[in-house]
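These notes concern the structure reproduced below.
The first chain written gets the first letter, and so on, giving A, B, C and D; residue counts start at 1 in each chain.
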Amino acid sequence: MWLRVGCDLLFEIEVPTPFILMLRPRSGTEQWVARDEFKIKPSVPVVEFTDDYGNLCQRLTAQPGYFSINTTADVRTSQYVDTAFGAPFIDIQHLPQGLLNYLLPSRYCESDRFNDLAMEITMNQFPGYDQVAAIENWLRNNISYIPGSSDYPISAIEVNYKQSGVCRDLAHLGIALCRSLSIPARMVVGYLHNLQPMDMHAWFEAYVGGRWYTFDATQYGPKGGYVAIGYGHDAADVAVFNQFGPSVYPIRQLVSVELIEESI
Amino acid sequence: MWLRVGCDLLFEIEVPTPFILMLRPRSGTEQWVARDEFKIKPSVPVVEFTDDYGNLCQRLTAQPGYFSINTTADVRTSQYVDTAFGAPFIDIQHLPQGLLNYLLPSRYCESDRFNDLAMEITMNQFPGYDQVAAIENWLRNNISYIPGSSDYPISAIEVNYKQSGVCRDLAHLGIALCRSLSIPARMVVGYLHNLQPMDMHAWFEAYVGGRWYTFDATQYGPKGGYVAIGYGHDAADVAVFNQFGPSVYPIRQLVSVELIEESI
Amino acid sequence: MWLRVGCDLLFEIEVPTPFILMLRPRSGTEQWVARDEFKIKPSVPVVEFTDDYGNLCQRLTAQPGYFSINTTADVRTSQYVDTAFGAPFIDIQHLPQGLLNYLLPSRYCESDRFNDLAMEITMNQFPGYDQVAAIENWLRNNISYIPGSSDYPISAIEVNYKQSGVCRDLAHLGIALCRSLSIPARMVVGYLHNLQPMDMHAWFEAYVGGRWYTFDATQYGPKGGYVAIGYGHDAADVAVFNQFGPSVYPIRQLVSVELIEESI
Amino acid sequence: MWLRVGCDLLFEIEVPTPFILMLRPRSGTEQWVARDEFKIKPSVPVVEFTDDYGNLCQRLTAQPGYFSINTTADVRTSQYVDTAFGAPFIDIQHLPQGLLNYLLPSRYCESDRFNDLAMEITMNQFPGYDQVAAIENWLRNNISYIPGSSDYPISAIEVNYKQSGVCRDLAHLGIALCRSLSIPARMVVGYLHNLQPMDMHAWFEAYVGGRWYTFDATQYGPKGGYVAIGYGHDAADVAVFNQFGPSVYPIRQLVSVELIEESI
């Protein structure tokens, strides 16, 4: 399916403010970006770079006054996410070297503290995809998904304590549980078709059976329509914008995902 | 200045043919890509990746029949290239580690064979930018630039023997001469505003005074309007398309560069 | 000064156990490894790789029975660490791109929660080295350094709450405080000459004035004798050994650092 | 088998001379370095780094006077190299992305000029390992291996014209032939047990059936005892030493490979 995704951000800046943006989806194995626009007003020098995870990032310094960022992209993505019950756990010694760091605990995914819970949730499951599916299902049934209920990221321990959270929070807990079973897991932020209410979204991927699979405890069924804009260990790595100096919040943040026939 | 650049390629494919494309300009220190379109007809699965030089590449297999690739981009670039007479040669021991490989000979730049010529051309020049400017000037005066005169890349030795060549050939000889003086040099392919006749273009960059500078012996003055789409050691690394199996040549190849007010 | 450093680990393994080791110091800007031995008994296949931080790691699967790792190295390192009062804070927009990730919070360094404390500690300090020196000094005066008091890593928040910790804990809090001021900071594990009691050690580095500087709140004065074996965001990245499956603890762990004349 | 390998180089330096060395074998999939010594006399500051191919390199500036480098290592390597007749050619679209550059022509391997010869040599061979084995065999029968017959690298075209060469030359022609068939191929330099006469050695690897295999047209049978110290596109990337400024040749170069019981 072809989606036209977009994000419109408006800031009111008081002092020159360095920004790092992550708002440009990249073509990869799972999605193809056929058209892409990235407007910054007023115009300032921008340097684009690829971070350690392969994400396209932009570095710039916004000047005092209004500052807006407007991105749109036409992206081909799958209508259904792949599922693979029975896909096996990959032994540590056979994991590609570049994935080993996705086994480690990170800021918002304290996987070193979730071993017992993960064992309990996945008891009797065949090691691999089925374990992650059990974790996803457990999240769906035990952690209330309340969009808009949180302003800043909290960690898996806090999510588990609160028993509720936004999409990002459910993903953090899912990732922490996977890693505690030695299954590589990573955070994804991006767009999701038909998300209610429409906003930036977050989900997670787990590496089983020799590839990454998508999991999202906030949705039902193998529904697709995902457009990734950033991958990382957790929310610390995939902020749509990182801003330095006195805090600045967007006074407008509009996200849109529209089904189109094909890229124009 | 804002340029709208574009490339339109049409192939007639007989057997399934793997391609690697390099046609998508990236935002960097010197240029900002505000809009970008990449159309492939008929649609096939595409995987995009970043190569060792940071270029965005696309891998796909074209199926028998007509196959077209159509790319356009709106890019902000400088009206004049920077010049820096007096910018010094950087001692080997102070070169950033990632640049050391740009001192080595490569397929089309046999820098190991050009030491005497380079010494002669740059005699009495202050080491650094002035040496490269002397090389660029020597190329302009000694190697006839004949657009369209060559179908496949030839190496610096052959260019020096023929005393004429296309843009790529002059760049190869310039790079070989720089490297033989221990000045890192690399190939760039891309677009150039007002190029006559309009086509893909090639030029080179040399690293002196702590940064890369643009050199182009086919042009006069510090005229800008360059849009890079690929960087590499030489033409072997920056083919606009690499195709595997029985040879296929584009039956249409249209390149366009248009001055626009600003990205739409 | 030349140091002979060594680590001797003995495990009793019950089931085949995958290990990732980080015990091989690398030559770098600050240290030169002239001799290096790495013995594993009994012999098993080992694959060595370089992780995302440039650390040399070894991957292997230990078989049931005794399993020992014995490493030694002769390393030249500085007798005094460099200090640089007045070295300035580097603006975000001028930081090398590869360092931006050292501004982010990580598993054990929740820098997003330390802004107020960091501001208070560094009040009136010139931005840069002096801020980090103030943080180091504050740690020395406020967090009791109690070697051997902790078995597993705790995070900066927990350290600040306990007001005491091992070397690793003080480093975590120091890193979190630096990052909350937008100063890149990273964890180092390795050896330290004359450490009392002798053991593996941990300290931190901060990037100010255009390079990394060493800080260690557990020591006094610009005393050197450091040999790094691993760099990372925090303790999660630089475990001397990561082991997967049922927990295994070393039944012997001997660390030695000896002053030698020169490498034999 | 365990080998003790070593290289002893002595230079007489006239002016301060920057060097880049590649003399330190790394542990990898095929070899394990259990002991390693690297002595430089007189002592100068050395910075070690990993190049784009994963080789450990050392950068230093030698001062006027005698300058010696003495390295030894104890390495476990296979007694026989793996062979795999029938291992299939990997289609371009399924090659790991990091290997695509091993399909490109390079300084000494002008694969773009060897298509006809490669087709002729490998006619009727099953695509993959058998093609490379046919190339190796053709080299053995058609290019005379004359150790010590060449002082500086020549390219595959020149080797094919001369019909004789040193180990490096045969490897260059083998690599060019493989790449012209779209088989990734790379150069290896290192040590070989029982090489006659003893010296640094060079051979090549080809990627078929999902992994790299060793080929060496200067030897007979699947004899092992190889210790790699550098990988690259061709000899340009894997010089044991690169030296800049006025040419300096070693006044002593001793290479040794000794069978030992086990690393001490």
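FYI, contacts are C-beta pairs under 8 Å (C-beta built on N, C-alpha and C of every residue); 3 or more make two chains touch, one makes a residue touch a chain.
Chain labels with UniProt names: A, B, C, D = Transglutaminase-like putative cysteine protease.
All of these numbers come straight from a predicted model, not from anything done at the bench.
Engineer: Please report the minimal path length, in steps, between subunit A and subunit C on the chain touch graph.
Structural biologist: Minimal hop count between subunit A and subunit C: 1.
Engineer: Just grab the chain with the largest centre-to-centre distance to subunit D, centres being mean Cα coordinates.
Structural biologist: Looking at centroid distances, A is the chain farthest away.
Engineer: Would you mind telling me which chain pair, C-D or B-D, is linked by more contacting C-beta pairs?
Structural biologist: Of C-D and B-D, more C-beta pairs in contact link B-D.
Engineer: Taking all residue numbers used at the subunit A/subunit B interface, answer same if over half belong to both copies and different if under half do.
Structural biologist: Same, since most residue numbers here occur in both copies.
Engineer: Give me the C-alpha superposition rotation for subunit A onto subunit D, in degrees, nearest 5.
Structural biologist: So the copies are related by a turn of 180 degrees.
Engineer: List the centre-to-centre spacing of subunit A and subunit D in whole Å, with centres computed as mean CA coordinates.
Structural biologist: Chain centres of subunit A and subunit D, defined by C-alpha means, are spaced 43 Å apart.
Engineer: Between subunit C and subunit D, tell me the centre distance in angstrom, where each centre is the average of that chain's C-alpha atoms.
Structural biologist: Spacing between the chain centres: roughly 36 Å.
Engineer: Would you mind pulling out the distance in Å between where the CA atoms of subunit B average out and where those of subunit D do?
Structural biologist: Using C-alpha averages as centres, the distance is 30 Å.
Engineer: Where in subunit A do residues touch two or more other chains at once?
Structural biologist: Within subunit A, no residue touches at least two other chains.
Engineer: Please list, in label order, each pair of chains that touches.
Structural biologist: A-B, A-C, B-D, C-D
Engineer: Taking the complex as given, what residues does subunit C use to touch subunit A?
Structural biologist: 18, 20, 49, 51-52, 59-61, 91-93, 97, 100-101, 103-107, 109-110, 112, 152-153, 182, 236-237, 242, 244-245
Engineer: Once bound in the complex, which stretches of subunit B touch subunit A?
Structural biologist: Contact set of subunit B toward subunit A: 26-29, 32-40, 43, 45-48, 50, 54, 58, 76, 263.
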